[in-house]
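Alright, structures below, take your time with them.
Presented sequentially are two complexes of chain A, the first with chain B as partner and the second with chain C.
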Partner chain A sequence: MGAEVSDIPWGLVLILLPLMGGMACFLWPRVTTMLGLVTVFGVALSVAGLGWQILENGVYRHAVGGWGAPLGIDLYADGLSLLMLTATALVGLGVSVYSAAYFRREDATRFWPLWLFLLAGLNALFLSADIFNLYVTLELMGLAAVALAALTGGKDALGGAMRYLLAALLGSLAYLLGVALLYHGFGTVDITLLGQRVESGPVLWAALGLMGAGLLLKTAVFPLHFWLPPAHASAPAPVSALLSALVVKASFYILLRLWLSIFGPLVGEEGVDTLLGLLGATAVLWGSVQALRQTRLKLLIAYSTVAQIGYLFLAFPLAAAAGVTAWHAVIYLAFSHALAKAAMFLVAGNLLRFGGHDRIADLDRVVQRLPLTTGAFALAGVSIMGLPPSGGFIGKWLLLEMALAQGRWDLVVVMILGGLLAAGYIFKVLGRAFTQAEVTHKSRAVPACMEWAALLLAIGAVLLGFLAVPVLSVVGIGDPFGVSGVRP
Partner chain B sequence: MSAAFLYALVGMGLFSLGVYALIVHAHLLRKILAINVMGSGIFLVLVALARRTGEAQPDAVPHAMVITGIVVAISATALALTLMLKLAAETGCAELPDEKRE
Partner chain C sequence: MNGNTWLPLLVIASSLLPGLIIFGLAENRVRLRIALNLVGAIVKLVLVGWMLWGTSQGLHYEMRLVLLPGLELVLRAGPLSLLFVSLSAVLWLVTTVYAIGYLEGSPYRSRFFGFFSLCVTATVGVALAGNLITFLVFYELLTLATYPLVVHRGTEAARRAGQTYLIYTVLGGALLLLGTVWLYTLTGTLEFTPQGFLSEVGEEHHFALIIIFVLLIAGFGVKAALVPLHGWLPQAMVAPAPVSALLHAVAVVKAGAFGIVRVVYDVFGMEFASGLGVTGPLAWLAAITIIYGSMRALFQDDLKRRLAYSTVSQVSYIILGVAIAGPIAAIGGVVHLVHQGLMKITLFFCAGNLAETLGIHKVSEMNGVGRRMPWTMAAFTVGAFGMIGAPPVAGFISKWYLGLGALEAGQGWVIIVLAGSSLLNAAYFLPILHRAWFREPPDAWPEEHDFGRKETALMLLLPPVVTALMALAAGLLASAPFSPLEWAKLIAVREFYQP
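Coming up: the complex of A and B.
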C-alpha cells in the first residue's frame, strides 16, 4: 500500500484533477456544486499525498510526459511549494464549503468551473520550476481570477474586473519581457540553472526591473495597489476571499522564488532590498490608514490586505543579515494571512447576507444574532493584528525581533504603528457589532455551514501559532532559502 | 547579428509604445489594442533573439514560447473584449468608471 501511494505522481493529479473537474462542471451543470466539492476534496487529499511523498523522499520532481528540460516541462516541489499548496488547499476547502451554500443555482454554474480553473492555475504555479512556465500559470490564474471578479455583473464589479484585467496583463507582459531577456542572456529558463549561470550586468538589471515591476503590480504593493480595493470589494464574498488570500500570494511567491535563487544573491546589497522594504513600510502605513477610514466592511478588509502585503516586503532589507529567519517570518505571515483574510471576507459575506448591506456603522448587534460569525471575525482579527497566540503573531514577532537585533528602528516603528492601526480598524468593526444601530433593517438567516466555514478558517489562523516548529521544519525541505541563507 | 538586433530594438520600441498608449488612452478598445501591441513587441524580441547562437538553425525554445504567448494573448483579448462589451452595455460608455465613489 505504502509503495503505491508514493508511486502516484501527485503533482500531476493536483493540476489535472481541477482542470477536469472544471470541464465536467460545464458538461453537467445540474450537479455542478457536488462536482466542485468532490474535486476540491480530491485536491486536498492529493496535497496530503504529495506532502507524504515529500516527507518520505525529499524534493518532488516530475518530468511531464518524460520529456524533461529544456523542451519539456518539469514539475518541482520542495518545502516552500508544499506549504503554499497546503495553504491553497485549506483556504480552498473553507471557501468551497461556504460557496456551496452561498451561490444560487445559476450563479453556481458559473462560479465552480472558474474556481476550479483558478485552483488548477494556482497548483500549477506552485509546482513550476521554470520562469516561462510560471508566466503561463500566472496568466491561467489571472484570467480565471478576473472572470471570477466580474461574476456578479453590474457597474462596480465589471469596472473593478476590467481595471484588474488591465493591471494583470500589464504586469504579466512586463514579466514575460524579463523572461525573454533572461533566456537571451543566460540560455535557460530553469530557475536552478539560472541561479548558477547569472552574473551581474545590464541584462540582469533590465530583467529585474521588468519582472520586479510586473510582479509588484500583480502583488498590489503600494503604490501599485490601485486596482485591488475595487476588484476585491465588488466581487462576491467567496471570490474576494480567494483573490485576497491566494491570488495575491501567488505572484508574491514567484517574486520570492526569483529573489532567492536568481536576483537576491547578486543585487541584494545594492539597495534593491532597501527599496522593497521602503515600499512595504509605506504599504503598511497607507493601507492601514485607508482601512481605518472606510465605512464599508469589504473595502476595509481589502485595504487591510494592502497593509498586510506590506509586511511581507519588510523582510527583504532584514534578510541580508538575518538570512533564513527573515524568510521564515514571510512564510508564516503569508500562510496565516491567507487563512485569516479568507475568514474575514467570508464573515463580510455572512453579514451582507444577514443584513443586506456591509456598512460598518449599521452592524446592529450582530454579536448576539450571529455569534459564530462575529467570533470568526475576532479570531481572524487576532491573527491580522499579530496578537499571540496566532500565526500572524509568530511572523510579526520574528520580524520585530530581527529589526531590533539589527537596530532598524524605522522598521520597528512601522511594525508597531501598523499593529496599532490594525487593532484600530478591527475594533472599529467589533465595536459596532455590539452596539445597536439607529435604523434597524430586516435580516435574513445565514446557513450554518457559511458561519462554520469562516470560523474554522479563523481558528486555523490562530492554531498556526502553535505549529511553528513542525511547519518551519517542513518548509526547510529541499533548502529553498539556501542561496540567501548562507550569506553571513 | 545586426539584423536580429534591429528586430529586437523594434520589438522593444513596440513594447514601450504599447505601455504609453495603455496609460494615455481612456477608451477601453484602445487600451486592449495597446496590450496587444505590447505583446507583439515581446514576441518580436523573442523571435529576433532566437538567432543569438549565430548558427544556421535558430534556437527553437523562444519560438515555442511565442506560440504559447500567442495562445495566452488571444484568450486574454477575448476576455477583455467581452468585459468591455458588458461594461459598455451596463454604463453606456466603453471607459473605466470613475474611481471616486461615495
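Coming up: the complex of A and C.
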C-alpha cells in the first residue's frame, strides 16, 4: 500500500483533479455542489499524499509526459510549495463547506466551476518551476478570480470586478514582458537555470522592473492596491475569502521565488530591498488607518488585507543580514493571514446573511446573537493583531526580533503601530458584541456549517502559533531559501 | 512526560476546560453550569494543594513546549509562582460562589462565566509562567478575557469603560512586547532566574537595558495602575461586583504587580537593577502612586470608586517593597501580594452585597447599615482595618515589614510615606465605619430586596465572611508554616542570600 501511494504523481493529480471537477460541474449542473465538495476533498487528500511523498523522499519532481525541462513541463515541489498548497487546501476546504450552504442553486452552478478552475490555477502555480508556466497559471488564476468577483452581477460587483480585471491583465502583461526579456537574454525559462545564468545588466534590471511592477500590482502592495478594496468588498463572502486569503498570496509567492533564485542575489544590495521595505511599511500604516476609518465591515477587512500584505514586504530589507529567518517570518505571516482572513470574510458573510447589512455601527444585535461567528472573528483578530498565541504572533515576533537585532528602529515602530491600529479596527467591531441595542431587522438564520467553517479556520490560525517548529522544518525541505539565504 | 510535567498543565486546564464547555451551554442550564464552575474551582484548588505539598517534598514541576527554536512556553512551580497561584485558586473558588449568587437570574450568564473562567486561566498562567514570553502570552490573554467582563452590562458607560481599558492595556501590551523582544535580542534567553539573567550582558548595553526596564515596567504598570497609567481602573468599576473583586484582588491589577516583581527579581535581579539605578525612581513612582491614590479615594462618594482608588494606592505597596531593594522590605512587598488580595476582595464583596441587597452605591447612603447587615459590615470592618494597617489584620504585617525594611535599607523617607498613607487610609475608611455603625439608619433604603430573616442571600454573605477570616488568620498566624509570610521569607532568601 505504502509503495503505491508514493508512486502516484500527486502533483499532476492536484492540477488535473480540479480541472476535471470544474468541467464536470459544467456538464452536470444539478449536482454541482456535490461534485465541487468531492473534488475539493480529493484535492486536500492529494496534498496530504504529496506531503507524505515529500517527507519521505525529499523534493518532488515530475516531468509531465516524460519530457522534462528544458523541453517539456516540469512539476516541482519543495517545502515552500508544499506549505502554499497546504494553505490553499485548508482555506479551500473551509470555504467550500461554507459555500455549499451559502450559494443557492443558480449562483452555485456558476460558482463551483470557477472556483475549481481557480483551485487548479493555484495548485499549478505552486507546482511550477519555470517562469513561463508561472505566467500561464497566473493568467488562469487571474481570469477565474475576476469572474468570481463579478459573480453576483450587481453594479458594485461589476465595477469592482472591472477594475480588478484591468489590474490583473496589466499585471500579467508586464510580467510576460519580463519573461520574454529574460528568455531572450539568458536562453531559458527554468528558474534554477536562470539563477545560474543571470548576470547584472540592463536586461536583468528591465526584467526586474517589469515583473516586479506586474507582481506588485497583482499583490496589491501600496500604492498599487487601489483595485483590491472594491473588488474584495463587493464579491460574495466566500469569494472575498478566496481572493484575500489565496489569490494575492499566489502572486506574492512568484515574487518571492524570483527574488530568492534570480533577482535577490544580484540586486538585493542595490536598494531594491529597501524600496520593497518602504512600500511594505507604507502599506502597513496606510492600510491600517484606512481600515480603521471604514464604516462597512467588508471594506474594513479588505483594507486590513492591504495592511497585512505590507508586513510580508518588511522582510526584504531584513533578509540580507538575517537570511532564512526573514523568509520564515514571511511564510508564517502569509500562512496565518490566509487562514485568519478567510475566517474574517466568512464571518462578514454570516453577519450579512443574518442582519442584511454590514454597517459596523448597526451590528450590535447581530453580533450578539451569533456567538460562534463572533468567536471566529475574535480568534482571527488575535492572529491579525499579532497577539500570542497565534500564527500571526510567531511571524511578527520573528520580524520584530530581526528588526531590533539589526537596529532597524523605523521598521520596529511601523510594526508596533501596525499592531496597535489592527487592535483598533478589530475591537471597533468586537466592541459591538456586548452592547444592548434594539433589534431593528428581521433576522435570517445562518446554517451551522457556515458558522463552524469560519470558526475552524480561525482556530487554525491560532493553532499555528504552536506549530512553528514542525511547519518551519517542513518548509526547509529542498532548501528553498538557500540561494540568497546564506551569503558568504 | 510524567506527573511532574503534566501537573502545571492540569492546573491551567482545570479552569480552561469548564470555561470552554460553559460557552457552549444554553442559558437555562443553570445547574450544570454551577456544577462545572464549582468542580473546576475545587479541582484546581486540590491540584494546587498537591503541587504545594510536592514542592515542599522537593519535587520539581515543569512543563515545556517549544514555540520557536530557542523560544519556549514554560510553566514552572517556583516559590513565587506557588504564592500567586495559591492565592488565585483560593480566591477563584470564593468568587465563583459569590458570582453565582450575585448574577442569579441575570442575562448572558454562560458568556459571563465562560470569560470568567478564561480570566482565571490567564491569571494562573501568569502565575506559573517560567519565562517572560510565557508571561506575555497569558498576560495578553488576560486582557482579552477581561474585556468582555468589563463591558458585560452592555450599557453605554460600560462600552466606554471597556474602550478605555483596551486602549490602556493594548498600549501596555505593545510596550511589553517591544521590551521583551529587545531583551531577547540582547540575551538570547528569557528564562526567569533568581537574581536575574542579565549579569553577563556587557557594559555597552546598559543604556539599552535601562530603556528595556522602563518599557517592561510601563507595560506592567498599566495593569498595576501605577500613576499616571491608572486612568482605566476607576472607570472599569462599571463591571459587576464579582468582576471588580476579581480584577482588584487577583486577576488584572495583581498580574501587573506580579509582573513588576518578576522583572525586578527574576529578570534583572535585585542587585543588577539597583546597580543600573532603576530601583530608586521606581520606589519614588510607587510612593507617589500610594499617596495619590489615597488622596483621590478621600474625595469619592461612590463606594466602588473609593475602593478602586484605594486599590491604586495599595497595590503600589507591593512595588514599593520590591523597589526599596532590601530583603526585609521585599518580604513586606511580596506578602502584600496576598494580603491585599484577601482584604480587597472582602471589601468589594461587601460593596456588592450593599448594592444588591439595599441598593446602596454611595458612601453617603450608608448611615446605620451596620444594624441592617451586621455580618457584611463586620467583614467590611475587618477589611478596612487591614487596609489601614491596624493589627492584628494582615495589612499590619505588610506595613511592618515594609517600614522595617526601609529603615534597614537606609531609606527613612519611606516611613513618612507609609505613615501618611495610613493616615489617609484611616481618613477615608473610618468615616464609612462610623456611618455604618453609629449613625441612625434612614426610614427606607434606596432599593431593598427581601431575603426573609437573613440579611442577604447566603451565597453573597459567606464569601466576604470567609475572606475576612482569612485576612485575620494571615495576620494572627503569620509565623505558622505555609503562611503567606513564611513563603515571602523563603522568596526573599532566595533572591538575596543564596549564592
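By definition in this document, the second predicted complex is superposed on the first by the 479 of 488 C-alpha atoms of A that agree within 3 Å, B and C clash if a C-alpha of one lies under 4 Å from a C-alpha of the other, contacts with A are read in each partner's own complex, and residues count from 1 in each chain.
Keep in mind that, in the parts below, contacts are C-beta pairs under 8 Å (C-beta built on N, C-alpha and C of every residue); 3 or more make two chains touch, one makes a residue touch a chain.
The shown structure was predicted, so the numbers you read here are calculated from the model rather than taken from an experiment.
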### Query
Who does A:295 touch here: chain B (first), chain C (second), both, or neither?
first
**Prompt:** Taking the superposition as given, does A:59 touch the first partner, chain B, the second, chain C, both, or neither?
**Reply:** neither
- Message: With both complexes overlaid on chain A, does A:37 touch chain B (first), chain C (second), both or neither?
- Response: neither
| message | Looking at A:431, would you say it contacts chain B, chain C, both, or neither? Reply first, second, both or neither. | response | second
Applying the touch criterion given at the start, work out whether A:139 contacts chain B, chain C, both or neither, answering first, second, both or neither.
first
In their shared complex, chain A is touched by residues of chain B numbered 15, 19, 22, 28, 31, 35, 38-39, 41-42, 45-46, 49, 52, 60-62, 64-65, 68-69, 72, 75-76, 79-80, 83-84, 86-87, 90-91, 96-97, 99, 101-102
Residue set of chain A touching chain B in the complex reads 70-71, 132, 136, 139, 143, 146-147, 150, 153-156, 158-159, 161-163, 165-166, 169-170, 173, 176-177, 179-180, 183-184, 189, 226, 230, 295-296
In the complex, the residues of chain C that touch chain A are 23, 65-69, 71, 73, 111, 133, 136-137, 140-141, 144, 147-148, 151-152, 154-156, 158-159, 162-163, 166, 170-171, 173-174, 177-178, 181-182, 184-185
Seen from chain A, its contact residues with chain C in the complex are 371, 375, 378, 382, 387-389, 394, 397-398, 400-401, 404-405, 412, 416, 419-420, 423, 427, 431, 433-436, 465-466, 468-469, 472
